[in-house]
Structure formats: C-alpha cells, structure tokens
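Two complexes come next, and they have one chain in common, chain A, joined by chain B in the first and chain C in the second.
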Partner chain A sequence: MENEKAILPEVQQIADAINAAVKNAGVTVSINPSPAEQHSLLLFPTKARECAQWLKAESPWQLDYLSNVSGNDWPEDAITKQTPKQPVKDAGEEPMHPCLEAVYHLYSIRQSLGPIIIRMRTENRSDKVELPSLTPIWRSAELQEREIFDLYGIHFEGHPDLRRLLMWDEFEDHPMRRDYVEPDDYDYEPTPHGDVLKKSLTQQEGTV
Partner chain B sequence: MTPSPGRPTEAMPQFEMHATGVEGATEGTERMEVSMGPHHPSTHGVFRMDVELEGETITKLKPVFGYLHRNHEKIAESTSYLGSMPYTDRLDYFNSMTNNWAYALSVEKLAGIEVPERAEYIRVITAELTRLQNHVSLIGFLVQDMGALGTPLMYAFRERERILDLFESLSGARMMCNYMRFGGCRCDVSADWIKQAQSVVEAFPQFLDEFEALISENEVLMARSQHVGILKPELAIDAGVAGPVLRATGVNYDLRKVDGYGIYDRFQFRVPLGDHGDVYDRYMIRVLEMRESVKILQQALAEIPNGDYVNPKAKLRGFRPPPGEAYGRIEAPKGELGFYLISDGSPKPYRYRVRPPSLINLTILEDMCLGQTIADAVIILGSIDIVLGEVDR
Partner chain C sequence: MDEGLKSELQKAGIFTTTLSGLYNWGRKNSLWPLQFGLACCAIEMIATSMARYDLARFGAEVFRPSPRQADLMIVAGTVTKKMAPQVVRLYRQMPSPKYVIAMGACAISGGPFKQGYNVLKGIDRFIPVDVHIPGCPPRPEALLHSIMTLQRKITEDSLAKNREKEEQERLKSELPIPVHGAQDLEPAQNPKIWKAPAARKA
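Here is the complex of A and B:
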C-alpha cells in the first residue's frame, strides 16, 4: 500500500512519458475523487495497443503483470445526473459521453509497484463498441475480455478467441448493461436445447 | 439359430487394431474428442473440458465455463454494500473468511475507513486458519485424484473440521461465515477462543509431519506428479497466474509481502518458492505455506492486543461511500482475489467486479496439458485448485 501512495503523484508523469514516447498518444489522466486516490490513464483506442506495449516492454515501470480487467457501462442517465452521482470526473473539459469502458489494473512484479490503471472508452453504446484487445500483450486478459464481451458487448479486435464465456452461445443480450431488462419468461430465450428438442420430436414421429 | 445383430460370435471378425477410414486417423491411433464434465468427479464441480486426444495424449483442450453462472456482480449491484457481504461467502465457498476480507478491504479503501488493531489481528488469524484448511483439503483432493481414494482425504478433513469448529464458535457458521464488516469484524473473539485456536495451531505441525510422512515421498505421488504439467515463469506472469501456482514456478510474488496489506509486515514468515513449476512443486508449495501460516498464527495469537474489534465510527446502516473507485486485492489461498468497486454516492455500488483467481489461473490450463495424457489432465486441474462458485460467479 505504501508503494501505491508513492506512485500516485506520478500518474501525471506516466501520462507525460507515454505522450513523449508514443506519437499522437493523447493520454490524459482521469481523476479519482475517492480516498483510494487511484487515478487512471485514459488511452485513445486507436493508440492503446502501442501505449500498452510501451508500458510493458520499454517503460521504466515494467508493467509485466495484468491483474484485473473490468467492463463498465455509462449510459446517458448515469452521466447526466449531477455530482455526487457522477463517479469519475474527467480531467479534461469535455464531459464524458455515453460509452462502454474497459479498465485494466496493471502491476509490476519486477519492481513491485502498482496499481497503474488504464482505461479505454468506446465511441457509443450501440453500434461502435470496438476496442483493441490487449490479449496479445498480456495473456491474462484472454478470459477476462471474453467475459466483458459476453456481459457488456464490447468487441475486442485482435482477440484470438472471442466467444461468450459465461452465458450460452445462443444468448443475444448483454446482462451486465445497466439497461438490460430481464425477460418475463426464460423459456423464450433461445437455448441450445431448441434444436435437440426438435430433432427428438421428429425422431419420435418417425420422420427423420 | 441366427445370432442377433450386434452380438459378437465366433463367426464375426476380430476388432481391428488400426482404425482405418476414419477422418484424421493416423497409424495406430484414432483421434477422439472427449467431453470431460460437467458431471465428472475429477472436475471439482460443474466444469467441462473439451479435450481432443491422439491415443491418450492431449492435442487440444478447451475449458467450458458458465454452468454455475448466476451473475453475482449484477446481483451485488442491486443491493447495498453490506448486503453483498454474505454473498461473497458463496464465491469461493471453501474460503469465506478471505473473500469477506478482500471485499471489506476494497470498501475500506473506497470509503477511507480505518481498521482497529485488534480487528486486523483477528483478520490475520481467521485468514491464515482459512489458508490452512484450504490447502490441507486441496492436498486431500489432489492425492484422491491420483488414486489414493479416501484415506488421505479423510485425514485432511479431520484437521479441517477442527478449524471449521473454530469458525463455527466464532461466527455461527462452519463455511458461510459472513464475519467481516467494513472497519472490522462482526463480533469479538473471546479469550477462550484464542486458547482453543492456539491448541489447534500447536497440534497442526505434528499432523503435517504425519501427513507428509505418508505422502510426500510416496513413489506413486512422485511418479505421477513430477515433470507433469510444467509451467514456465514467463508464461505464468504473462497470463496473470497468481498464488501458489505462480510461486511454484519460482516467481517471488506474495501479496502479503508485496502489498503488506493489513498488518502482514509485522510477522516473520518466509515465502516458499518452487523450482520446476510442475504438479509436485505445487503440492509441496502448499505444504510449506501451511508451515509458514502456522508461524504467522503463533505470532498473531500471542500478540493480539485488546481494543475495539470494529471501528466505532464505521456506519452500518445508511452507508454511502463518497463517489470514486477503488481496487483492493489480497492473497487468498487460491491466488490474488481482488474487488473493483465504483461508487456514485448512493447506497448501492455502481460497479462491483470480482477478480477471481480460479478463473484467471485456468487461462494456462491448455498450455500445461498439451502433450500430457488424459490422466495427467485430471491432476493438473486438481493442482491449480479451482472452485466453480468463483470461476462462474
């Protein structure tokens, strides 16, 4: 925990270092007002993989360990509500747009420091939900990004095996989104059993 | 008399040893797809592995998740902060105390709550007792997977039961303890309880010696587990593997030392490290960790001070952390257990995320199993130590 406190005033320095090392990175700091003081770095999705590669391999922090990947959902009404309802205030002047977000908690085993948090935001919540996958850089993200794809519907481009993780393959919605409505009757949800049931019925009737 | 179809008679030809005409078949062997699970005794719950076999050798293995999925995170987001404390017990149902602690630690970070010293000691004591009972039953299950049916597992469960008795007298429940609160614990420990815990802890090393004499140098265990399921340290770090599985590859990363959360920096203990990263190392690491846990317990039980067991300023009702986010993590017996929370100032968490060590340790299951036999896959899975309540959430 002492490590954490030592590194936190340096978040702005890390952002500056990335901006100096990666061309047009445009990294900004997202301020966290809670007593935890875990501020994060907001990456541009188009430059994110380059920045992440630099953070892991070349930066002085050597962030070799990706601990946690989390999805967040920010619909219109969660943002427009006035503070203190608004959780994370942006440092920039631009207010946050409705989006889906992926948050990565990074640590360095070699230097035992962290967490350094990076986040990426999609353009909107409906049709432009692509983010670059960081699985090629940290394999730890493999199952966690699949889970976010499943529960939030963020498409991670460049993920080696992007399938649903927890829900069944035929399921169509994303249950962790804040506007998800539970179906009245789960029988209407498409399940793999539908095909099996049809097949068994036809076999019973003898018309294969 | 005509033979019924399908019944072998003397007139029928012998089975051919070489499968021919089967797609993808090679000389002598037949490629087979086997679905292990979800109801298989060796998968430790409802877990499935789609395995492709070349003879007995694994050429492909895909884990399938979700049979126990109940969207724990969504449920927690629709209830109060304290309301999901009992539900964290059900994540990794072997280790409810450490689950409670990880969640309480994250909320304390989020809201900036101080924890009194006595409560920190109680937390360390319960967490290390949890580690003892988790590791000892894991070893019981592991040797059961290797064919030592019953006896070692019963020895392990006999010891585990003594620790569960302690939990029961402390919290009222053997496994679903629901014991931690934000800023401390739910109730105080008595002097009697500490005496009882001391006697359990003092007797534990003797049991470990006995247990180790039975199995540590057992020829079958060594033959089955040495050089099986080898994991390289670079891959382990890259794949976010945590806990004993990571340390068995030789990476010195124990959050009790690195983060020093709680009061772990006050205790003298060592971090055992493996050498080869195989199943035997993962077994041995757990034995050694139990010996270190006993040391921590002896120190903590001797030094526990008097004082508050919960921060009197911490609010139980109407608890609203200030807006913001926090990520807290602890060294749970199965690895790094983390909670990521976002507060919007309301009584319910805006975002509640569990970083499940069991799930992320399964990322490298295929890498460890490729080229091994199907019987080895069973013990490799056993040595990772998963609990499906946490994997599927």
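Here is the complex of A and C:
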C-alpha cells in the first residue's frame, strides 16, 4: 500500500495535465470519500476520446493497459439515500445528476503504475445514454463495453460491434439497473419464508 | 423363473436368464453419455471419467460428441436461460430410449443462482429427469452412484412392446423447445411435465 501511494501520481496532477494538453477537456476529479481514497478522473464525454488518446500515447504516465471496465447506475434515490447520509457530490460541488456511468481502470505496464481510474457519465438514464466508446484506443474494452451495453444500456458510440453479450438478443431490458424487476420465476423453496413465501403463495393462487 | 431353481441350476453349471434380463444387462452396461458440460459441475464429471474414478468400470465412459449417438444426458452445471433451448434441442435429438441425470444444485433447482434473472430454476422444467444428484458440485462418487441408480432403473425396463411406453418415448422427442422472449423464456416451463411444488404456510 505504501509503495503504491509513492508511485501513484496525484490524481489532481493528472487532471491538470490533461486540461493543459487537451483543449476544453474539462476534466475534474471525482472524490472517493471512503478509506480507499481511490479518486478518479471525470471526463467530459465529448472530449473523452481525445483525453484517452493523450493518456495512452503522449502523457508521461503512458497508460497502455486497460484492465477493467465496469458500469454503474445512479438513479435518483441511490444518489440521495447514500450512506453516510449526505448526497453524493459531483467533483465535490454540485449533487450528482441521475445517470449511468462507465468506469475504466488503467495501468501502465511500461512504468508499472496504476490503477488510474477514469469515469464518464451519461446525461440521464432514459434517452440520452450515449458515451463515446474507448475501444478504438484500448482494444481490451471491446467485450466489457458490450457487457455494459447489455446489462446497463449505455450506448457506446464508435464501438465496432455493439451487441448484447450475456443476455439473448431478444431480451429487452437492462438487468443491472437498480430499478430492474426480474421475472417472477423462483417460486419454490423447501421452507419458504418472508417475501418468498408471500410470492409463492400468490403464485399458487394465481395458477390454481 | 423361480429364483431357487435358478440358483440350483447354476450350481449344476446351467445358466438361465430371460431375454429382457440379457437385453437390459447389455444396455445398462453400455450407456453413452452426451459430451457436454455447462459449468463447474462438468469439471467433476470429467474427473469422474478419468483414471482415479474411472467411469469405464460402469461402461459409461464413451462420451459422444453427437446427440444422435448418445443415450444419456448428464446435465452438468448451471443451465442459463440463454442455454436452455439448446439443451432441450439436444435432448430431442437423442434416440430413444434416453435418460437424463441432473447433476448438481444448479441443474436440479438453479442452485446458488436460484434468485438470478438469467438462470433456469432446474432443467426438469423442460425435460424429464431420471436421477437428480444434489451437491455443489457433487463428488465423483455421487455421479457414480447416480449411474448405478440409473442402471437399476434400466434393469426394470421390460422388453415387451407397450403402447403407452412407446407413446411416452415419442413425446420425449417432441418436447416443445422454449424460445427467448423479451423478459424470460416462453414458456417459462413445460406445464405438462413440471408443476411447482405446493408451498406450505409456515
């Protein structure tokens, strides 16, 4: 841990460097208040591709390896009902808007440093769910962006092959969104109780 | 034939049997499983067929890559809803008589993923299962035990032509294959062969 801290450049320093190198980049730092203190860079979607290209090819950190892409869903109540009880703040200022988020973990193999985390957020959760794909820059994003498209419904523009990955093509929802309602099909447990008992009893009454 | 007479004759070096006994003895000792695995249980199935546990002792070591040549389907692993139609299709393509072993918690009930949106809660919703093995994963001994259980079941088959049985076998090859719907499989189960067990109020 000590070691990692020593080689990790301050996230703010990276944000400043991107802002200096890419015009109108508008990169801010998203603070992680937990003990992990893994702060991340919040990219502006329209400028994200340029910033990413710079981070990979020209920046002093040479982030040549993308290890992980994950999705995040921020509906209204997940933002307001966070624990500890303050609302989640965007870059330490405005409360965050409801959105979908893609998170990329980057490393530099050449300099053995990382992870450096970048995030992008959609405008909302319903119709403006586009983000630029970073697959043209880090090829390893391809399958993981497809997975996020499948499970969260973020449309990655510029992705070479944006299809569902895990669910079948006919499926019409995004199961990892927090307001997803799963099909009602686990009706039986040997000793049902609580919600499951209620569910299985109503199901039985429905089918009889 | 009377069992006592049979053993008396055997002492005299005369071996008697019935035709169906001979027939079933041959069948039960040469089960050809379909070679496919769906998740972690398949690893245990592979272990069962290798040297240490040696499924060959029970005549079931010839794993066939084609359903047309197999008469035993070992459903080893999690059946996702995406995979379920293919499993039913493979089952339909096997020639009669055919048998199914549902191996592991996943195949019999959805197991650890029972509450998942993407996992079928037991393959018996779509195909008739002869032997269920619990466990996550079941040990190779359990799979061997299930093969022995199945063999016992086969011994009881009769060779006589039986319209009812033929009809049953025919229906097995015409089981409807579910299709992928917008939310779930359609239908989500085959009500002809599966009914939800009644839940009891606590």
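Note that in this section the second predicted complex is superposed on the first by the 170 of 208 C-alpha atoms of A that agree within 3 Å, B and C clash if a C-alpha of one lies under 4 Å from a C-alpha of the other, contacts with A are read in each partner's own complex, and residues count from 1 in each chain.
By our rule, contacts are C-beta pairs under 8 Å (C-beta built on N, C-alpha and C of every residue); 3 or more make two chains touch, one makes a residue touch a chain.
Worth saying up front: this structure is predicted, and the values here are computed from it rather than measured.
Legend: residue contacts after superposition of the two complexes on their common chain; A:24 is shown touching neither chain B nor chain C. Residue contacts after overlaying the shared chain place A:143 against chain B, while chain C stays out of touching range.
Of the two partner chains, chain C is the only one that A:183 touches; chain B does not reach it. In the superposition on chain A, A:65 makes contact with chain B only, not with chain C. Using the contact criterion defined above for the overlaid structures, shared-chain residue A:172 touches chain C, although it does not reach chain B. Counting the residues of chain A that each partner touches, chain B and chain C differ, and the larger count belongs to B. By the touch criterion stated above, A:201 is placed in contact with chain C alone, chain B being left untouched. Residue overlap on chain A between its contacts with chain B in one complex and with chain C in the other: 166-168, 175.
Against chain A, the residues of chain B that register as touching in their complex are 65-66, 69, 71, 73-74, 109-112, 235, 237-240, 242, 251, 253, 258-261, 321-327, 329, 336, 338, 340, 342-346, 350-351, 353, 355, 359-360, 362-364, 392-393.
Contact residues on chain A toward chain B in their complex (touch as defined above): 1-3, 32-36, 38, 64-68, 70-72, 78, 81, 83-88, 103, 105, 109, 112, 115, 117, 138-144, 151, 164-168, 175-176.
Contact residues of chain A toward chain C in the complex are 166-173, 175, 180, 182-183, 185-189, 191-193, 197, 200-201, 203-204, 207. Of all residues in chain C, only 81-82, 110, 114-118, 121, 179-184, 188, 196-202 touch chain A in the complex they form.
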